[in-house]
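Pasting the structures in now, so scroll down.
The same chain A turns up in both complexes below, where it pairs with chain B and then with chain C.
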Partner chain A sequence: MDIVSTREELLRHILAGNRQQAMVLLEDWAGRFHWRETIRHLLEPTLDEIGKLWMAEEISLAAGYMAGKIAEDVLLKAAQAEEVVPETLGPVVLGNVEDDYHSLGRKLVAIFLKTSGWKVIDLGNDVPAETFVDVAVKHQAKIIGVSAMMLTTAENILTIRKEIDRRGLTGKIKLAVGGAIFRIRPELVAELGGDGTASSAVDTPRLMAELSGLENT
Partner chain B sequence: MNSKERVLLALRQQPQQQRPFTLTLSLYGARLTGCPLTEYYRQPYRYVEGQEAVMALCAPDILFAPFALSLEAEAFGSELIFLPNNPPNVKKPAFRSADEFIEQQAPDIDNHPSLCYFRESTRLLSGKYDGSTPICTLLTAPVDLPAIILGIDQWLETLLFAPDKAAHIMEKTTSHFAAMANALLADGASFIGVPTMFTNPRILYPHLIKEIILPALARSFSMVEGPIVFHHGGNPMASGLSEYASLPHVAGFALDHRDSLTEARAHLGPERLILGNLNGITLARVKSETIMKKVHEILEDRKEDPCFIFATANADIPFATPPELLQAIALAIRNFNTTI
Partner chain C sequence: MKPLTVICCSVLRREIEELLAKDYPEAELVFLDSMLHMHPEKMREAIDKEIADRPDRSCLLVYGDCHAHMRETAEGPHCAKVNGVNCGHLLLGTEEYRTCRNSKTFLFLPEWTERWHEVFEKELGFTDRDLAREFMKENQRKLLYLDTGLIPVPQDTLNNIAEFFDMPIGVLPVTLGQLRQAVKDAINRMAQGDTDES
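After this line comes the complex of A and B, so read on.
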């Protein structure tokens, strides 16, 4: 089967919820072309397609979750085969904004970023603004990725924006924002001082590349 | 004619002189009385004071018992956070795994303070309005309750990869749901509103909805000794209404603001009650002219439909919504000439 047909089949398995069959297909490719190539040429393009379908509201939350689980399985298999995906990009500091405890989106973002070779420092839920900036400075991260589900908690993102600006780090540390509320109210990205957002967890590697200027290199 | 009579006429597809309506003003009562939310969502009498203020403001035909589903999660052990100007939310789910959930006993519906708060609020509201205004008490769907007890990711994980455990969990939540619903009906609730997310193909795979979720929901609903209103749970559902129409004891369907009421009617036939579908959560930030135009569009769309109640869709109407706007909406509905 050629690469295009294989991608289509992988997509079908994800959309049907067939984790096992998806992994059989991926392991078969990895046996022939190694995990790194499988991730680059098979998994990542399929995840891109998932992202487009998500943006068009044509797939379920469960299918997005399934894609994340399969990506996680692949990372684990690659590590077991001593083909660790090199963390050549980043780091990115991730976390849910203060008072926000909806971790699903953030966890998926971390998986998809790692699949694309980003080093991720995940601070978890309910992270104060100072902590985001402290950790970003300590690890020389150029991007903070912050997640919020509801308007009430999303408003706390403004505190991170102010903390970045107060320390004179404007433009040096970019603020990526995401979560359900930004799909409903995209104008909030600018209102809360965000430098960009992604339409879905799958789409975050593109956003991070854009914010770090990699898209033009 | 009082509110209860108007609602009953809609339910029985009989002509009404005035379109019955409700606005989701559970939270808003606290704004009207200035009650701190930590009291409002703990003290039934403070909640009822808020609903009295709602009644004085715009006299809706259906009043809500507390719309605070997180309190049910609290009864199972989840930790809550009280946020300014919003109902409490789940801060930390009760259990980390399906196994932990399965081992745990369901809370005592007669003694757990969070559940007693729902029940006492319902009793007080029902006593206060003495059958003149229907009381809707909202409960979390038994297929959704695990999401606020385990977290959405763990519940998805269980549904996708451990269906036996998911079934076991839903046996527990079904028993809890039926017991709570029947207790609330006995306490004076006129019907049970059930926001439901995991029945929606935007959330879950259609084959799992058909094979696992809908059968579990049907079992739960069949145990309820009173009417249920099936609520969209935050997603459009008109296209799936044929699937939900056969669920037992469902008297009506509360639709998402993105749903077409005409499509919903086509799926349900002429005799099922539909409620909808002004977007309630945007009332604080959309121009009042735009909102009033939408109100008229909805009323016009359902002008000849006797089996319709005007209602706001989605969650609570926000704190920041001007009270004058709510009064204007109520007045527009009352003044609208139906042809039914």
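After this line comes the complex of A and C, so read on.
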């Protein structure tokens, strides 16, 4: 089976909820081409398709969640096979903004970033602005990725923007923002001081590369 | 203030009927399907239509921050919204709601409890029990039913939910005091706004 047909089959398995069959297919490819190549040529393009379907609201939360879990399973398998995806990029500091507790999107972002070789420092839910910036400075992270689901919590992102600016770190630490509210109201990215957003969790490696200036390298 | 219409999510139907019958018996009550939460833009359209159909009434929205433009909707002329980010917050108040969220507690309100199959299987797509369990356990530590005292605790349904997610579900009796105050505050704001305009 060629790579295009295999990607289509993998997508079908994910949408049908056949996690086990999806993993059998991925493991079969990894046995022939190694995990790193499987991630790059089979998993990542399939996840891109999942991201597009998510944007178009054509897949359920369960299917999106399962895609994330499969990516996580693959990372684990790669690690067990001593084909650890090297953390050559980052780090990125991730967290949900203060008062926000919707962790699913953030967790999926972390999985997809790790799949793409980013080192991720995940601070969890309800993270104060000062903590985001303190941790970014401590670990010399150039990107803070902050998640918020609703308008009322998204507005707290402005305090992170102000904290970055107050410490003279404007332009040195980029602020990536994400969550359902930004998909519906993209104008909020600029209004709340964000430097960029991604259309879905699987699109975040592209965003981080763009914010890091890696896109054209 | 113009005659009052309360536009409310059906998740709080019993509770709002109970409160309004006592406090504002003359108010018109409009309930919109709580499943609109799965389609926020449709929810926005439905709420906006109800408001547009009532130019001569003051409209109180009993909703949380449930769609992306809720604030603009609530800031329309002769409109107000109760303060709260979601229905759990409206029932529990800020302090207790925050405690629940910090302890990763997933809240079941009575109406969604009755419709839990519809919510989790049909709307969210969790037809696979193992995946549903993994999802819930990864994101939550506890399940908690909020007993507002208006219907008997549906113990059989709670047992089914507990079995489905393989997690125990607790029951927390809650009064309608927080919701009553939120409604009262919003109506007062609306009345004050009308006074300021005149």
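Convention: the second predicted complex is superposed on the first by the 217 of 217 C-alpha atoms of A that agree within 3 Å, B and C clash if a C-alpha of one lies under 4 Å from a C-alpha of the other, contacts with A are read in each partner's own complex, and residues count from 1 in each chain.
To be clear about the criterion, a residue touches a chain if its C-beta (ideal position, glycine included) is under 8 Å from a C-beta of that chain, and two chains touch if they have at least 3 such contacts.
Remember, predicted model here, so these are calculated numbers, not experimental data.
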Chain C versus chain B on the shared chain A, clash or fit after superposition | clash
So, A:Lys107: does it touch chain B (first), chain C (second), both, or neither?
-> both
Once the structures are superposed on A, label A:His41 by its partner contacts, choosing first (chain B), second (chain C), both or neither.
-> neither
What is the contact status of A:Met150 with respect to chain B (first) and chain C (second): first, second, both, or neither?
-> both
May I ask you to decide whether A:Ile181 touches chain B, chain C, both, or neither, giving the answer as first, second, both or neither?
-> second
Could you give the residue numbers on chain A that contact chain B in one complex and chain C in the other?
-> 17, 19, 60-63, 65-66, 69, 101, 103-104, 107, 126, 150, 152-153
Enumerate the contact residues on chain A facing chain C in the complex.
-> 17, 19, 59-63, 65-66, 69, 101, 103-104, 107, 125-126, 150-153, 180-181, 184-185
In the complex formed with chain B, which residues of chain A make contact?
-> 16-17, 19, 57, 60-63, 65-66, 69, 99, 101-104, 107, 126, 150, 152-153
What part of chain C is in contact with chain A in the complex they form?
-> 40-41, 65, 68-71, 85, 101-102, 104, 123-128, 131-132, 134-135, 138-139
In the complex, chain B residues that touch chain A = 81, 83-86, 89-92, 151-153, 156-157, 159-161, 201-205, 207-208
